[in-house]
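The following pair of complexes shares a single chain, chain A, combined with chain B in the former and chain C in the latter.
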Partner chain A sequence: MEQDIIDGLKLKKDQVLEQWLKDQAEASDYSNNFNTNEELEGQSAELVDILLSTLNEDTLNNFSSGDLEPLTDYISSLTISRARQGFSPRETATYIFTLKDALIKVLGEIVAGEPTKLYSVTLKISKFIDNIGILSFETFITGREDVISQQSDEMAELSTPVIRVWNGILAMPIIGTLDSARTQIVMENLLQGIVDTGSSIAILDISGVPAVDSLVAQHLIKTVNATRLMGAECIISGIRPEIAQTVVHLGIDLSQMITKATLESALKYAFNTLQLEVRRIDKNKAN
Partner chain B sequence: MPMTIKENMAIQQERDLVYCRNRVKEIAAKIGMGIVNQTKLITATSEIARNMLRYAGGGNVKVEVITRGKLEGLQLVFEDSGPGIPDINKAMQDGFTTGNTLGLGLPGAKRLVNEFAIQSVVGKGTTVKILKWKNG
Partner chain C sequence: MERIPILKMGRFLLVTIQVDLYDRLALTLEEDLVQMVYDTGASGVLIDISALSIVDSFMGRIIGNIAGMSSIMDAETVVVGMQPAVAITLIELGLPLAGVHTALNVERGMALLESRMSARPDDTSDADDD
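Then we have the complex of A and B:
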């Protein structure tokens, strides 16, 4: 029964397209100058083509059917290309939902005089197009999520600088959460920094790390051990009072490491180790 | 005046841990918890939530502000439907690990909070409930 109607729709493909283009032009939200008219018409014609060729009694009722793959692929790539061209999700959704109006108008002509039949088919077509709309949203959001994770990777890379504070002394301030991926970057940068500058002391400042749990502690221990293997000494600085208490309660043993409360005291320790002395210049004597 | 805060957070990826920790810290700060207790609580949260993510593939965290007499505090319930823990006594021992870690997560978390309860059914999942008083 539905198949007849779908076949009817397929025959009236040109009318659907025509109606859709008309509806698009009417939708006030939807008057964009990104696309030229021909481009838009071509795109719309292609979509109607794919939609009607994949639509049958089975796929109408089952949106996850494998037969719909050409359509879902097309919608995904359409959404992505539109997002790149600067269309808002609302515009793309309006674009898709005006197709529903066009389809239903043409349906009305095909099934004229049979209200119950028209009602049930309209519901199904409506649900089908809604699914296409949802798919488009999902694609849009996935695209955004990709951008976010890409940015967080870049941030992790950027936010772990190795600073040469003195000849032979490196410092690395860590700000934010120290997870496994981040530790890897920290360790790589630090060890490379030790080789590049020939430093013998590295200071890892964790003032900007919000919490030290057992995993972060394990990462710190590994980093210190790796630094030692390179023949350098690693000082952990920036241990705040609350962090110290938490670490003790957790039962983590950091006694094998050199730890300091502030970067300043770590630097002092480093100067001591390198037998350097910082002195105030006596101006009277200098003159 | 006691506040009624009830929240549910899903832990499905490493990123969610950061959000969960920050949110718990925010709520703890809102009820006036001191910085040391805040840090202890978020560290315990971090341990348990990470266990959930690592061994059960994720789960849910329910945060609730509760009052008992004059005491006010935060209660967190971690629920997952992972493989469960066969021997809880062993899991609560310092240094016991099946995942090549320090093995301090669960016992450490227990020491960081005021109340700690764990229930686990093999094949069904694990529930950990912790409570930290504002001034405890």
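Then we have the complex of A and C:
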């Protein structure tokens, strides 16, 4: 019985598409969008095509059926491409749900005069399209989450370089917030750098850290202590006036650590410790 | 029974831990070392833990204990060659080993001990008497 109606729908494919495009035009207040009309029409035609070719009595009642794979794949790729093009989730959802209206309108013509039958089929079609909508939401969110996690990974890698400033002196500029995961990476990289280069002084520059709270301070103290255990000395540099204010207001004791206002003064301290001297060469005298 | 050798090098004692330290071995080392400091009157102890890759809170405490005991017997303790992973573990366990001196390797540890000894004038006169 349902198969008859589905076959009827398949015959009226062109009408479904036409109705859908009309509904889309009515529903959209995004008339001048990125997609040209031909592109949108082509996309819609392809979707209707795939939808109706995969739709049968079995798949209508069972959305997780394997036969629906072409449709779910197409919906996923469509959602991702729309998300990348900058469509809002609302626009994509409207796009999918106007298809429901179109299908139901055409259904009304096919099973005219049989309200009970129309009702039951409408219910099923409605549920089917809702499932497509849910799928597109899921894909949308997964896509976004992938991008976010990829970005945070890249940031963690990018922002923790160990720089060998001088023979025996390492510097590590920290840019961005210092949370537990970052601290772990910073600590590991710094300690490994100390082992690899045999450096005895490490400078941790925090001028790129936006705010220092008690947790960040604790992370800093941990890093300094770990460096000390390795047998190297750790200097914290880049203490901006605001940071100094917050640290003291919070009552954090940094007196156990060597702290300097700028990287320059940290470097000077390091040269002093290593008994090095930087001098200007007087060229006239040399000649 | 297995023991960790303690070598006497001039005024200093040198302990290199080349095996994985288990609890009983660590306790024996603690006893032996303190006895050795007493017997030799050493003024410095250098513990090389570069081969130690696993450390737990007990081991961290033993290292701290040894340093504390040596220092009240007037011997400076330097722990050298700690692995990054070990350092991070000790810090995460809340054992920063406050009283212990550290150095990157045995060579620098020796230099550190020497410089600390020269800072103690009466000690050098002791050494001259020996």
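In the analysis below, the second predicted complex is superposed on the first by the 160 of 287 C-alpha atoms of A that agree within 3 Å, B and C clash if a C-alpha of one lies under 4 Å from a C-alpha of the other, contacts with A are read in each partner's own complex, and residues count from 1 in each chain.
In this text, a contact is a pair of C-beta atoms (placed from the backbone, for glycine too) under 8 Å apart; a residue touches a chain by one contact, two chains touch by 3 or more.
Remember, predicted model here, so these are calculated numbers, not experimental data.
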_After the overlay on chain A, what do you see for chain B versus chain C, clash or fit?_
fit
*Applying the touch criterion given at the start, work out whether A:Q218 contacts chain B, chain C, both or neither, answering first, second, both or neither.*
first
*Figure out whether A:N272 sits in contact with chain B (first) or chain C (second), or with both, or with neither.*
neither
*Classify the contacts of A:V195 with the two partner chains as first (chain B alone), second (chain C alone), both, or neither.*
second
*asked:* Quick check for you: in the superposed arrangement, does A:L250 touch first (chain B), second (chain C), both or neither?
replied: first
*asked:* A:M187 in the overlay: touching chain B, chain C, both, or neither? Say first, second, both or neither.
replied: second
*Answer with first, second, both or neither: which of chain B and chain C does A:G231 touch in the superposed model?*
second
*By how many Å are the closest C-alpha atoms of chain B and chain C apart after the superposition?*
10
*asked:* Using the superposition on chain A as set up above, list the residues of chain A that contact both chain B and chain C.
replied: none
*How about chain A: which of its residues touch chain B in the complex?*
152, 177, 179-181, 210-215, 217-218, 241-243, 245-246, 249-252
*Sites on chain B touched by chain A in the complex*: 14-15, 17-18, 21-22, 25, 35-36, 38-40, 42-43, 46-47, 50, 94, 101-102, 104-105, 107-109, 111-112
_chain C partner contacts - residues on chain A that touch it in the complex_ = 184, 187-188, 191-192, 194-195, 198, 200, 222, 225-232
_For a test of understanding, state which residues of chain C touch chain A in their complex under the given definition._
79-84, 86-88, 90-92, 96-97, 102-105, 108-109
